[in-house]
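Mind having a look at this structure? Questions to follow.
Chain lettering (A, B and C) follows the sequence in which the chains are written, and residue indices restart at 1 in each chain.
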């Protein structure tokens, strides 16, 4: 039922907001997967092996996220939302870095990658606003305001001794995108679970 | 004589893909003076007032909200103010939730192929969703309706196709030229314009009893 | 003559419900000797090496990880070692995150009922998600695709149904028997096998102009 009539708009319900958030989170992960495929399609097998750096080095791995269904189902709605909000906030700067890097990336698909990185950056920010809106609706007191030092700030690189040669840029880009792809899968799973709980 | 401007009316706001939207208004009387129009909006009942970010892209008497100004998380209260040297006049507010004002662009690549199955002749019509609507990721779900009529015919025959992107039509007149058009609509929203017309000639086939 | 074993190859790993998963491999040459196979894995950057917890449940040349051995959003580095009296050979590593290897079982209880609404005839097809996939809690979100073809027809007509567990099909040939099948996939994973076939007879209805 449209919420806006002649006289005013009823406030958008949390269930509706979560449904919209789930559509954005789905897109976000689908886009990050497409970007990863763009990137991987042009790498020699040897380089791919070098790329398999452990994602435990991702800057968000310090955030203790659940790792199976039982753990996720035990978390409250606020905890899950806060976790999603934290993950989204922690990717603001690194995504801007990926947008900048994509422009000069020595990669045949860098135009497509540039568009996707810009879209990822914008959709992540968009989803963060939506999750904040939902959190505020559920907890107007703002107690949920979490401190972002649960996640070690992104240090501009994955903590490796990165050279500035072409291969290093590619490896660093690939590693960061792999981290984001995994986190966007977590975000998508948590938001869809929240949507399901809310209906 | 010269008077303050008449009251403008916001006619509609539409979004083609739930990512941007445009509002249009109709000016009231100008009161015989040069009259300026400005669109203002508030978000979710907060008192902060913003002005239209782009009066150009949508054409005359319009305001275009690009991606960064478009939010599906909030509702908008929109008004238009007409101002001339003798005063101003404000429109009735229009309340907008972007998720409910979607009017997609038309479907594309309509093809119509005459074929038979089991000696039963029928026309298989296929189409693609409008390019701008992201249906793949589920961001938008579209329903379709198709209409068909003989070239010299007056009345369209409409067929609702649900979420299908193809539709089979039976019992067509052999030798006739038919016009086929498709339009689409999101779950909550407005029918698009009809697509361009596709013409198809039905061959002179022998009609077989069903 | 007798030689060390050939190199085994891990063919695939799949999870039906993002809670457990199984990997399969294909042996290399046995070198003419009795050859033993063992699967080993490490998890995301820790150097600790584990062996397969269960070589039986998944059948021959497989390793089954039950819930307590399965964690999502972690990268498993998996290898298989073939060993005989003359030596051993190790497969290429396979890197697996359970989040990306989900392939559900087929949808169940497909029903197809012919009905009309405002005199418009259509076939209403309904189904249930595969039992094992927990869609109720939202841990899994499935998308569905349905295909239909006349009994004597050759070409399936596919219809993407998104997250719906029902789909209405219009424009079917009166009197024809149709075959209907449905398959599903998680939002980011692999399509299941097609379901068992459901047969439905379309009555000889009078086609009414829309």
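Criterion: contacts are C-beta pairs under 8 Å (C-beta built on N, C-alpha and C of every residue); 3 or more make two chains touch, one makes a residue touch a chain.
In this text, all values refer to a predicted model and were calculated from it rather than measured experimentally.
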Topology of the chain contact graph, where touching chains are joined (line, ring, star, complete, other): complete
Chain closest to the assembly centre - both centres taken as Cα means: A
Length of the line joining the C-alpha centres of chain A and chain B, rounded to whole Å: 32
Centroid spacing, where centroids are CA-atom means, of chain A and chain C in whole angstrom: 27
Geometric centre distance via CA averages, chain C-chain B, whole Å: 39
Numbers and ranges of chain C residues touching at least 2 other chains: none
Chain A, residues touching no fewer than two other chains: 26, 30
In the complex, chain B residues that touch chain A: 44-45, 67-68, 71-77, 95-97, 99-100, 134, 136-139, 188
In the complex with chain B, residue positions of chain C that touch it: 120, 122, 143, 150, 152-153, 157, 159-163, 167-176, 204, 207, 209-210
Partner chain C, residues of chain A touching it in the complex: 26, 29-30, 33, 52, 54-57, 65, 67-70, 72-73, 182, 185-186, 188-189, 192-197
Sites on chain A touched by chain B in the complex: 2-5, 7-9, 11-12, 16-17, 20, 23-24, 26-27, 30, 122, 126, 129-130, 133
